[in-house]
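In what follows, a single structure is set out as structure tokens and then discussed.
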Amino acid sequence: MPTVTEFFAGLFGNRTIAYMVTGIIVGTILVAFVALSAIFFIWLERKVAGRIQDRLGPTRVGGKFGWLQTVADGLKLLAKEDTIPGNADHFLFRAGPYIAFCGSFLAFMALPFGNGWVAQNMNIAVFYMLAVMSTEIFGIILAGYGSGSKWSLFGGMREAAQMVSYEVPMAICVLIPVIVAGTMNLNEIGNKQTGGFWNWYAFHDPFTFCAFWTYFTCATASCKRAPFDLAEAESELVAGFHTEYSGLRWSFFFMAEYASMFAVSGIAILLFLGGWNVGIFPKDLSETFLGSIFGNVINVLVFIVKGWLLVFVMMWVRWTLPRLRIDQVMMTCLKYLLPMSCALLVLVSLWQIVMPPAVILYLKYFMAVISFLAVVLVGLRMFLTKEPPPMAGMPGVWNMPWVKRPTVARKS
Amino acid sequence: MTPDLNHYLLLGAVLFVSGALCMANKRNAIGVLMGVELVLNGASINFIAFARFNPIFAIEGQIFALFVIVLAAAEAAIALAIVLNFYNNHMTVDVDTAEELKG
Amino acid sequence: MGEAPHGGAEVINKNSGEMKIDQVFLFWIIAAMTGLSSIMVVVTQNIVRAATWLLFALGGTSGIFFLLGADFVGATQLLVYVGGTLVLVVFGVMLTAQGPFISMKTGAAEWGVAMIVGILLYGVLAISFFTGNPLTVVQPNQITETGPNTSLSSVTLGESLLGIEQASPPGNWTGAKLPANESSGSEEIKKVRKQVSYLLPFEIVSVHLLVVLIGAAYLARAKRRRGAIA
Amino acid sequence: MNWFLDVQEHPGLLYVYATLLPLASFVLLLLAGALRTALRPAPGVSGSNLYYLLGGDAPLRSGGYIATAGIGSAFVLSVFGFILFTRDYNAAFPHHDAQPGHAAVQGQGKTAEKESDDKADKRREQFDGHWKDSFDWAWVKTGNSTTSAKEGTVLKLGYKIDHLAAIMFLMVTLVATLIHLFSIGYMGEELQPEVEDHQVHTQHGSLRRRGRFGRFFLYMSLFCFSMLNLVLADNLFQVFLSWELVGICSYLLIGFYFERRSASDAANKAFITNRIGDAGFILGLIIIWTYVGSFNFEDIFHKVRAGEKDPSNTRYQFAGQVVRGEKVGFGEGTEKLRITPDGSEVVLFPLKGNAENIAEDKTVPTKINPGAGDFGTMPYWLLVTAGLGIFLGCVGKSAQFPLHVWLPDAMEGPTPVSALIHAATMVAAGVYLVGRCFPLFVPESRLVIAYTGAITLFVAATIAIVMTDIKKVLAYSTVSQLGYMMLALGVGGWVAGLFHLVTHAFFKALLFLGSGSVIYGCHHEQDMLKMGGLYPKMKITALTMLIGVLAIAGIPTFSGWFSKDAILAEALGFVHVNRQHGLLFLLPLMTAGITTFYMFRMWLLTFTGKPRDHHVFEHAGESPGVMTVPLIVLAFFSWVVAWGSNPLNPEKSYLEEQIHHAQHLSVTADFGMVAGAGEAAGEHTETVEHFTHEYHALAGYLALGIVLLAIIFAFVVYWFKVLDPAEAKEQFPGVHRFLWNKWYFDELYSAILVRPALTVAGWARGFDINVIDGTVDFLGRATVRISSWNGKFDLGIVDGLVNLTGNVIFGIGYSFRRLQTGYLRSYVLFLVLAAIGFFAVLSYFVAKTAAS
């Protein structure tokens, strides 16, 4: 399959222009995806938060489910006055959001959405993504410092300390599937998990299984999502590093946050959860009768759905768990996650060397099936429960039709 | 103009000279540290450029650049520790206050 | 470059003849950004702004690395420098700042002297580049496109760091013998190449890093300030 | 150490132990005394417990017990040693028992003789191993022989036991033990914390000092050790060491009351006089060391005397002397005697007579056989000199004329010291050494010895007549008796002289201790003229002293009778052969009478008659048992010590027999000597020995007659008072004054020695003050002047140059100092500049190289 660049090179007859056009097109697609994702995520977050908090969330804007709520918010933000505090360092204040967003966005450059559908296929894609996402910290710090506000500064410093710390176990957890796969090329890693879902690296052995949860915890923290959102702890620091921001600059931070959420989720999916593979077909869809393009379109859809699922899990966690104290955050990282990840790294290497192939094979099946059954059981338990939740019947509650609405016994 | 080795070297020289001037001109100790980083980066650019433009150094160049990065990280850590001590002792990070060796 | 490179007239890259990349555009953008940023680091008086410019300079450097096909080094540069060292530097700034946006001015005379010296130094370096460059053996038009298939594999890099000889491309500085079946490169390169193994330096650097970090932690530990704050 | 303890293999070590025991007690007392002194608190302050344990302010009596125990143990060891030694000797030399006193057995078959010789050699070897040993003590580095312990370059310590040493050990330890015992009583008042010395007057009255009981016994122990070591020694060097130790001990003990001017003077006198003698001794030592290369007695004797068994040794009369050697041709018309102890040759100088027989140029001694025995060549005159030198030492030590002057003054010491010095130790040392070194004395030397003894005995005896101090009488009697011994040795009566030494030790110790008892009883009154009639007051003392007097007078059955008769017989035998030396018999014969007279005079004056000083008499009393018991023991020994199988036969003395064995063992055997010196006259067939035996009875009768006359005379004068000594004094004032002033010896020495010495010293002092001091002062002033110039030069020019250099460098440094701004940034700038310079230079040279 010729690459897009070659296609344009043939079209224009000039490689330089072909490169530029390719870059513009790919960049536009990615930016659009990130922005639209952000819009969707903000809406989703509101809805999830509402449901988890027994509310309805946005309901009105755009008709059903309030699906235009985020667009309306965006319009409001665009129209808002771009204020800069007098005490601020203007240059830094302005640069902060862009740097943060750039850091998140650049990560998408190496993220394959489908088999071979990647902006830049790199040997070290996963490493590159980690590296690029780490630059996001700097934007946060600059925002915190440049605002000239002590709340912002506190938030920035907390963010810096937290992210620098959590990057270490996260990187080590990333190394675990990389060791299993033998490459850092995300495209190859995804290709290696083709076939049944028992081929996903999360089920490869107990350590990758543990590494998945460890990685997801670290990823949550590095996206400064609750319960690790110390940087913007509103009960303590007003709004943390973006206290002084408003308007579009503020929205850039949120775009960066949601972008990085999807990015780390994408990494998790590619490394642990089979990437764009559905998990039930023996071959990659792009290599089947569907053809490379159509198959890949399905792959991309599968990938995005998977990513959204993980982002949904992050939201679910956010609105479920209370926020930790900063010392607890650091302790969790340095005293538990870091040693754990190191141990996993060593053990997974030993597993590769020591274990007989039969054990590796059958344990894979076993774990995959058990996990699948667990998910199925939880789902059934969730949807098939006969007992209504305590709040059932209250207004606005998502009604499951097969659950009998209880009659509220009134004392007469 | 197609960039050849000398262009990369000149870019490295820019970084190097900037770093040296940064060391010479910044009164802030951390500024001096930044100068050091710039100097090291200039050297790294040279290494990588040599690695690219001379197959004999294909591996060495990259590995030396890696070493430079690692050592720079170590240097930054220790230098910051020194700066903190300096600050503890002088209540400032102005390197001009450290003139005990003045002749 | 006016003269032909010394000694390597027939040296041919393994990948030469394949797809070539026209790097001019990207090179000039990134080089300009890097150079300007580094100059701005010098010029800026505010230390945090200088750090920001430094960020751009370092990021630009990593871009140069990517451009030169050193993906791994570039990513490392980003991860270690931008994500680690620079944050550390800013930490340092904030831990030692006495007030907001502190700046320490440098005298005009010093600026003048430094400028002269800097220009001199740059001149000397430039002259030394152009007066003779025996190290260039690959012409720019022989540089291949970067990408997963053409750039130096990080696996190769890691294996040479681990000292796996069969996987290591030969080098000429470590003295290991070239295996007889090694077929990469021309005969002339084979003559001068020898195998490399960087396991020991790798270990030394690792231990050095550990020692330095412990030492830094010891040096920077909290202790009572000497003398009362006047 | 095993060697040291192996008494079974080396029974001679018993004597070594006996020697070391007094040394041990000396060390013990020294340490205890030092400790006590160190712990002594300041007045009014209480001292440590240890201080009071050591006696506190008052000396402990146990010091005396320790010393007495030491020397007493030594006596016990000596007894055992003597028994073992005689048994061993009788086993080793069986046929000498049959004919004691004969050096060699003649007249047996040749084969038998050879066999017995072999056996005798073996036995002799074994015997020597038992009783003789030595070990290296110090190497004297001669020439380049530093590595090997070559014979002749090593000083050895060793012991050699023969009968003489064994008997001396018995005598010395017994007498010393008794004297120690006596001293515990006699020195009792030294036990007080404070002793008042009435003879020393200070401005605060009599001197008051601490008691010195321990110190006294300290000195005594060292004294005994020195004497025993002297007897023990098998070499001259060890003898010399002990000799000097004895000297210093006598010095310390004579000067025991050193606060008294007289005592310290006496000590000095004794010491200085002995120096004169020791000078001669050292001279002798030097000669012997130079020419013999060994101090071992046997080595010396072997080398200066030919072996008895050497067939080449025949006796020759040569130049008026008898020598042994082989006559060999010595050029035309002359002859040379070769004495071949080691194949070396000795050229004897003609001392008198046929000097014309030897060419002048041949008289120079030449070393003929350099090699192993290259010390064998000794000119005869050096042999004479060495002998006389050693004898001079003995003269000093044994107080012989003309160095006898110190002994009477030595009476200033405590009386037990006098007893010890006079009887057993110091003066005996001289005689003992003469006996020990007898083979060194050639006939000329012996003649000198004999005449010295004769003069001494006569002079001393005459002085003793007029002395009134009881101790001085005894002192001169000692001198006189020592003269007898020397005389005996000089005339060849080796056995007789040493025999007399032993017997004399007993009765002289008895007499001195007796006099000490008298003095103690009379509260330190020593003048006989103030005594008298003391017999009822102190019967034991009087009777024991009477035994001593009888013994010294030579009354039959008393020990002195045996020995004095032997001496007189020897003298008579010698005189019979050498008629020209008649005085050598007449003087001792007369003196025997004089001795008897003054000894009886002493006893009668002291114990009989009426008390002349009632004060003294009333306070007089018998001494305590600790003093009388030694007297009784000594009296017993003074009587019976010389008895043999028949106490009435003076030639049958067991003691004399034993000394005879010693003569065979140590003096005559293998050294080419026989006892009698009468051969000097060339009488080969009629030896002095022969005459000695022949005239023994005659001499005895003569002596006895004179002694009896003297006793009668003494009784006539001092008992019946027929003659008044005061009248005699008035009748012969000159004689009396002459004798009273001790023949003016002290005055003579003062005139010819002391005064010239003082005068010369005065001149020297003047020279010192005027010339030497003046020169030194001048040099000093000149130096100061030059130094001041030098100082100016130093300050002005040298320092100026140095300062200039320093200032210049300082200036340069000061100007360069500004480059060190201390600013980190400027250093960086300099660094960059240096890099630029470096690159510039480098590129210049690169371009130049490329261009060429």
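By written order: A, B, C and D. Residues from 1 in each chain.
Quick note on the criterion: contacts are C-beta pairs under 8 Å (C-beta built on N, C-alpha and C of every residue); 3 or more make two chains touch, one makes a residue touch a chain.
Just so it is clear, the model here is predicted, and its values are computed rather than measured.
Central chain by Cα centroid: B, whose mean Cα position is closest to the mean of all protein Cα atoms. Across the two candidate interfaces, A-C and B-D, the one carrying more C-beta contacts is A-C. One inter-chain figure worth recording: chain A and chain C are separated by 32 Å, centre to centre, where each centre is the mean of the chain's CA atoms. Remark: chain A and chain B have CA centroids separated by 36 Å (rounded to whole angstrom). In terms of their C-alpha centroids, the spacing between chain B and chain D amounts to 98 Å.
Taking each chain's centre as the average of its CA atoms, chain B and chain C sit 10 Å apart.
Contact of a single residue of chain C with at least two other chains is seen at positions 24, 72, 76-77, 84, 91, 110, 114, 117-118, 121, 125.
Contacts with at least two other chains are made by residues 20, 24-27 of chain B. The set of chain D residues touching two or more other chains comprises 825, 829, 832.
Across the assembly, chains come into contact as A-C, B-C, B-D, C-D.
Every residue of chain B that touches chain C in the complex is listed here, in rising order: 1-11, 13-22, 24-31, 33-35, 37-38, 41, 44-45, 48-63, 65-67, 69-78, 80-85, 87-89, 91-94.
Looking at the complex, you find that chain C touches chain D at residues 110, 113-114, 117-118, 120-121, 124-125, 127-128, 131-132.
On the side of chain D, the complex with chain B involves touching residues 816-826, 828-829, 832. The touching residues of chain B, counted against chain D in their complex, run 20, 23-27, 32, 95-96, 98-103.
Residues 15-16, 19-20, 87, 89, 91-92, 95, 99, 121-124, 127-128, 130-132, 134-135, 137-138, 141-142, 145-146, 148, 153, 157, 160, 164, 167, 171, 182-185, 187 of chain A are the ones touching chain C in the complex.
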